[in-house]
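In the two complexes below, chain A is the common chain; its partner is chain B in one and chain C in the other.
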Partner chain A sequence: MSRQSNRTTDNKKMNSELFTLTYGALVTQLCKDYENDEEVNKQLDKMGYNIGVRLIEDFLARSSVGRCQDFRETADVIAKVAFKMYLGVTPSVTNWSPAGDEFSLVLESNPLVDFVELPDNHNVLIYSNLLCGVLRGALEMVQMAVDVRFAQDTLRGDNVTEIRMKFIKRIEENLPYHIRFF
Partner chain B sequence: MTVHNLYIFDRNGACLHYSEWNRKKQAGISKQEEFKLMYGMLFSIRSFVSKMSPLDMREGFQCFQTSRYKLHFYETPTGLKFIMNTDLSVPNARETLHQIYSTLYVDYIVKNPLCSLGDPLQSDLFSARLDTFIKNLPYFNPRAA
Partner chain C sequence: MADEVLFDFLHMEMVSHVYKEQRSSKGELDSKDRAVCVSILEGMGFRVGQGLIERMTRDSPSFKDELDMMKFICKDFWTQVFRKQIDNLRTNHQGTYVLQDNKFVLLTQLSSGKQYLEEAPKYLAYSCGLVRGALSNLGLESVVTAEVSLMPSCESCNIA
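And then the complex of A and B:
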């Protein structure tokens, strides 16, 4: 992402193959650095989280989306605006739980896995786990604690990629202790 | 017409940035005390405004004015707060504050991986750009102050 002075005409394209391959190189390096795949999953999630807490600011600055009124609106904004903006795909929002606190993002195609095939010795690896971290980090910054995980993954033989998101709670804002007694 | 000063607070009440242009009178307390006072007031007034609102409220607290100055307030959904004091002739400055957020803060702080979020901003580039931005505002004119 580079600096643009004019946000509204910001249609700068990035080579998607370069992006996909860069992500691949990152995962490969993590697999080399860590003994087991669970640890790699954890690292991907952590990296994603750190990206998410910054990415949300960029998202808000660019999209002029205000605060969402409910979780359904949040789901729509994530699918239709955020995924479109950053990954160029629009997942469908489905499988709402009856209580309305849980839904799935179903991706027909996942741009991160364009050239990927998981070898047999990596069957625990959640290749695109970075996305979970990004979503978790970004939503945490707008006072929403969520649980995000992959429910289906084309890399593991499923037909689609499904990200399951569960609303946990609103993070209440409190007046910091040091200020309360000024 | 003029701009007096500008505060940026993060969601935890830490003052990330402060700068002033045509401030003729100081508060008479240390800067740290002043930031706390400012944040405490904003926090209270915000919750007061939303509690007392007789209608469903979207934007909430936006500004207040006295006989001499006007305080403009803008908060992002992530809880960053931008506060600018100007004189009375300045109309709604929310758009300006939003611009400071989206073109300066996001570009020079958030996208700079070496700037840690939540610490006071130390980017000279940001400060310089902010200074230029404010001085180029149509209503920044110290002579008339």
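And then the complex of A and C:
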């Protein structure tokens, strides 16, 4: 009977495990398909990008977040709304560059790496690189070109997971000429 | 706790990637290449299914018989993985089971009706692997196939 009351949490947890285990199977398959880890990192980034350009729509539909005024607001929304909604964790936003165009997302725990250990011959592999692609793709759809990379990774021996995000430029909306309104 | 939609997106991208990879090295895909794609996805599902069922049945008592296991798959496993129960279970009591899901969660966004019917198998391969992996770690060796005649309903047939 105690199982009944835990059912929703169990379901969410199980979905979470389905996701992390599936991600693990994907990375394993990619390592099998490509000879070197650099290529795997690239593929993960590409796949993440494809997911990100779709995920942003789901995000905008489900959160009631409006347009961000500046990059600082973007950082807060990513950390406190998006990460919380999708991964159930809230990274802290730190290490702002003096120009305000670069910051770090620091995660105490990275849900993607539950159950994961990297064998010794994979020290170039950025296991969670999908996340970088997702962030890049999602932000591109809201007119921001960003560079995203992992600065620290618990799988490679660091204490925390740190994702560094740098604003590159604003992307002009490319509406076909006959749709622009003057 | 990862949101459900993350799995949906990841699954879509996985399928797309596997088929794109085969296509890029072979040009057009013939039925043999398609079979390779399906078996890659199915293999991935198999390992994940094995892991999932272990987590799910960690604290449960062992099952009485084959039918009991299939009921577990139809109710608990399906609910936790595919967010609903199986709608209909049929068996010939000789090792073949047909599980029918009228609104299979990975097909609902594709179409409702006959559109994209020929694409459906791509999106079922991984799930067939999940079921086969789960059964395997419950001690049942099986062949799991899926059939779609009307989206988003699908039937999975296990021959243990």
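As a working rule, the second predicted complex is superposed on the first by the 160 of 182 C-alpha atoms of A that agree within 3 Å, B and C clash if a C-alpha of one lies under 4 Å from a C-alpha of the other, contacts with A are read in each partner's own complex, and residues count from 1 in each chain.
Quick note on the criterion: a contact is a pair of C-beta atoms (placed from the backbone, for glycine too) under 8 Å apart; a residue touches a chain by one contact, two chains touch by 3 or more.
These figures come from a predicted structure and were not determined experimentally.
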| item | value |
| --- | --- |
| Touching partner for A:58 - first (chain B), second (chain C), both, neither | both |
| Contacts of A:87 with chain B and chain C, given as first, second, both or neither | second |
| First, second, both or neither for A:19, with chain B first and chain C second | second |
| Chain B versus chain C as contact partner of A:173, first or second or both or neither | first |
| First (chain B), second (chain C), both or neither touched by A:29 | second |
| Touching partner for A:141 - first (chain B), second (chain C), both, neither | first |
| If touched residues of chain A are counted for chain B and for chain C, the larger one | C |
| Touched partner set for A:67, first chain B, second chain C, both or neither | first |
| Chain A positions touched by chain B in one structure and by chain C in the second | 54, 58 |
| Residue ranges of chain B in contact with chain A within the complex | 11-13, 33, 36-37, 39-40, 43, 58, 76-80, 101-103, 105-107, 110-111, 117 |
| Chain A to chain B touching residues, read off their complex | 1, 3, 5, 7, 53-54, 56-58, 60-62, 66-67, 141-143, 173, 175-176, 178-180, 182 |
| Residues of chain A defined as touching chain C within the complex | 10-26, 28-29, 33, 43, 47, 50-51, 54-55, 58, 85-88, 111, 115, 130 |
| Chain C - residues contacting chain A, complex | 1-7, 9-11, 13-14, 16-17, 21, 40, 44-45, 47-48, 51-52, 55-56, 79-81, 83, 126 |
